[in-house]
Amino acid sequence: MTASMKVYLDNSATTLVAPEVIESMLPYFSGDIGNASSVHSFGQRAKAAVETARRQIAELIKAAPSEIVFVSGGTEADNLAIRGIAEAHSATGRHIITSAIEHPAVLATCEALESSGFRVTYAPVSSAGVVDPQQIREAIKDDTILVSIMQANNEIGTVQPLEEIGRFVRERRRAGASNLHFHTDAVQSAGKIPIDVDDLGVDLLSLTAHKFHGPKGAGALYVKKGTRLGKLFYGGHHERDRRPGTENVPGIVGLGRAADLAAQELSERSDRMRGLRNYLEDSLKQRLTDMKINGDGAPRLPNVSNVSFAGVDGESVLINLDLKGIAVSTGAACSSGSLEPSHVLKALALTKEEIRGSVRFSLGAFTTQAEIDYAIAVTVEAVKRLRELAPAAEESARASL
Amino acid sequence: MYTKEVEDHLANPRNAGELIEPSGTGDVVNQVCNDRIRLTLHIVDGVITDAKFKASGCPPTVAAASVLTTLIIGQEIERAAQLSRNDVIAALVRLPPAKIHSAVLAIEALQGALDCINNREEVSGAKK
Amino acid sequence: MTASMKVYLDNSATTLVAPEVIESMLPYFSGDIGNASSVHSFGQRAKAAVETARRQIAELIKAAPSEIVFVSGGTEADNLAIRGIAEAHSATGRHIITSAIEHPAVLATCEALESSGFRVTYAPVSSAGVVDPQQIREAIKDDTILVSIMQANNEIGTVQPLEEIGRFVRERRRAGASNLHFHTDAVQSAGKIPIDVDDLGVDLLSLTAHKFHGPKGAGALYVKKGTRLGKLFYGGHHERDRRPGTENVPGIVGLGRAADLAAQELSERSDRMRGLRNYLEDSLKQRLTDMKINGDGAPRLPNVSNVSFAGVDGESVLINLDLKGIAVSTGAACSSGSLEPSHVLKALALTKEEIRGSVRFSLGAFTTQAEIDYAIAVTVEAVKRLRELAPAAEESARASL
Amino acid sequence: MYTKEVEDHLANPRNAGELIEPSGTGDVVNQVCNDRIRLTLHIVDGVITDAKFKASGCPPTVAAASVLTTLIIGQEIERAAQLSRNDVIAALVRLPPAKIHSAVLAIEALQGALDCINNREEVSGAKK
């Protein structure tokens, strides 16, 4: 246990860029510059690199390269998918189905559509954090144009039953609902679990490089061949007219390389992370009382552990860990300035106290056993100390004004 | 996000715990966020000779309670009674705007403890 | 003159990333990772770096840091400005004024707004490629909510009279038109000529890093304090709620550093580039007949030269130069697959033949005298050879089917 | 964008120029884009013994004219007359879809030149 150890366990927020990925990007900063839309060979080399990345992303999710649209990140991908469908298909229907535990990139987009006349159904989740496919099936109406359900949740890591939902969507489509589309936000799952867009039955899938050891500023939207989609913004004819703007060549190259590495090492990375994550959870359970693993019992991503420690404040744990060099996150405290408790944990019907005591540990492909051992020791000590510091529950306190 | 002072008081709380046979106890809870501070004091001849706190809640609440004890130990109760939330904030250098309530809670705990002493004034007066 | 020399003269399309800029970005790929919205110190370090970049950009254009919104590039910045104003102010008016020579990021956005009920005036330009401020003044009506005029054109480099237009806008605003806004696309001018947003009188200004030796995938929109602006897309509360999505920390850091370098070296770079550009033009004029410099006579950026060579095809010149390692562009040929001649050159009222023979040389801060000498020699040879290859004009040809 | 073959014919055109006293001349222009090819041929005993071209326009047009001369020199005129745009494209390996008109123009120039020879058939027939 080194006091100066740096342990990054906030990989659900963002990840470090893998060395191979950085290396793949460097040539496109200064040597093979060139605008991928230019005719000359600088431009053509850039274009070739972009097309290689397109194949790599397509390979990761078993799509065709022509179905991949490069965008700036997960938020843009989600918006392009949802607003793109809303805009192109509003004539045939104005109903959208999503879940209560989506990322704000989906929820805020749906809310904005509500204020422009769309109807949105927010499907609830079980206490383990899983959507019920039957409820989605029942929610689909004649005017439903989009079902958008995330593949894995960013706070608790639960994996949603997309294949079943996809079957229901296809069933409805066969019964004539030709304008019904299925989108999934795979920002957390891409590169961590195997993805086959056809098996899932999705028409649209969002991902972003910085969640799987690629660079920030590069993401992709899978758009199934033949899908009519509006645009988020306007300009040149890049990306087959789906997304204008000079291509972020190094970013796209890095995204492709990160996808390639993730695909190659998928099961190896996932086994390692799952092993370490389970070890973390088992060790905490052995050494601490009154804790609960959120999303336990549901299928989960291999790298996420969201734990509620009774009687402590998540942010106080976070700061204590941070002071020892360990980065985690919490569903309790100010996220970007707002004091709202996480909508995801609320949707799980946790108690206020459980929400308050929640801490998310999220592992990356480079997380080591020594780091986890250190994190366990520091967490156990911090939680115990904070609990000792707390006034005994039986004593009664006067309400503050 | 937080000042070094907040972080230091969180990591190394001063005077954590609970005094035995306190001269006064203040125990207050913020109904919105459930943050709680419990402050126990020893008073001898109108002077706070010792103080200990227990606290639960967000980092500034623990830090405010901890720093408060360092502000009041050795003080006459009249002067301690004049401490305001701003003194607590100043001792922590700065609090995020959304966390001012932590300093408020600490001051309320202090006032609670001092009120409780005033109510027993006869007793401590008798000792004189 | 080395046959294997590589000469990049397409800096208006994109530039190489300066070595100092690459260096500034590297720590944020793998060491100081962290999501700038996270509470822990990894996140706080990322946030500090983003705020430094914000100050650097603000300094470049003499704005306040809080007026800078980071986005993915110039296209997004233009769209956020125009659609943002349109959305937030459509209740008070639905008229927009722009020019005929804007970039597609502005023109296509305006056209999209036209199909949703806005009226757009496209101001013409003089044969030198300059907007007439009086025409803009007269075009402003009671329901005009936005004037969007680029600071410098990307094809011919002409600099527009923004200060005068800004004065007219302010005049109208003082006369009660409180909902009139002024946007400029400064994508080509930022880092090349001095910019002071207050002197220009603009409320919104777009720029993008990759045009001044910063990375692709990072741009900024200046939004004057107090300006009400709609959003392009929805998600978290990043960028003071103006632009959601995990901040592209390395990209933003690189953007800031590139701005910082450009600001420091502005007059030095611009003198060097202007000297080389003028030398290029003079040398070509000396050694070739029948050529015309487009935008000549108007104030121009120091780094751009757009030349029409009579009797040759721009793309044939381009490919000949490319085969000798020189990258330029043309306003004549397929741009991203479309065969339309450039709308900018058309707006200058050039002949079809002049448009066809146009070649844009655009210099960067790293362009050398030797490179320009080489480019002159190769260009002269290519143009002469292509002219010799052409059938004599007097002979009459039969029309093809 | 373009194949090596297109680029090579543009950079190093084969048989550029104009024959003196040609047996036939084809000179065609594409009205849309103004691309033009002028082809001159020497015919001896029904065989194209020499060909030269002049061309202006986009790279594939120059390349198509250039490659065409290499396809026809030494050919009997009957066989040359059967050449199609696809033969020209094949000789350049590939053309972008938007540039097929260049190969068309080259074939039209050839046909123009051959038509012009047929019109003078008596003359060349007399020589036999």
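So that you can tell them apart, the chains are marked A, B, C and D in the order they are listed, and the count of residues begins at 1 in each.
In this text, a residue touches a chain if its C-beta (ideal position, glycine included) is under 8 Å from a C-beta of that chain, and two chains touch if they have at least 3 such contacts.
Note that the structure is a prediction, hence the values are computed from the model and not measured.
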Separation of mean Cα positions, subunit C and subunit A [Å, integer]:
34
Express in whole angstrom the distance between the two chain centres, defined as the mean CA positions of subunit A and subunit B.
42
Need the CA-centroid distance for the pair subunit B / subunit C, whole Å please.
60
Where subunit C touches two or more other chains at once, by residue number:
39, 315, 319, 333-334, 337
Which word fits how the chains touch one another: line, ring, star, complete or other?
line
Applying that definition of touch, give me each pair of chains that meets it.
A-B, A-C, C-D
For the complex, give me every residue of subunit A touching subunit B.
311-313, 315-316, 319-320, 323, 333-334, 337, 339, 352-353, 356, 386, 388-392, 395-401
Can you list the residues on subunit B that touch subunit A in the complex?
2, 7, 10-11, 13, 16, 26-31, 33-38, 54-59, 61-62, 96, 98, 101, 104-105, 108, 112
For the complex, give me every residue of subunit C touching subunit A.
8, 10, 13-17, 19, 22, 26, 29-31, 33-35, 37-43, 72-76, 78-80, 83, 103-105, 108-109, 111-112, 208, 210, 215-218, 231-238, 244-251, 315, 318-319, 321-322, 326-330, 333-338
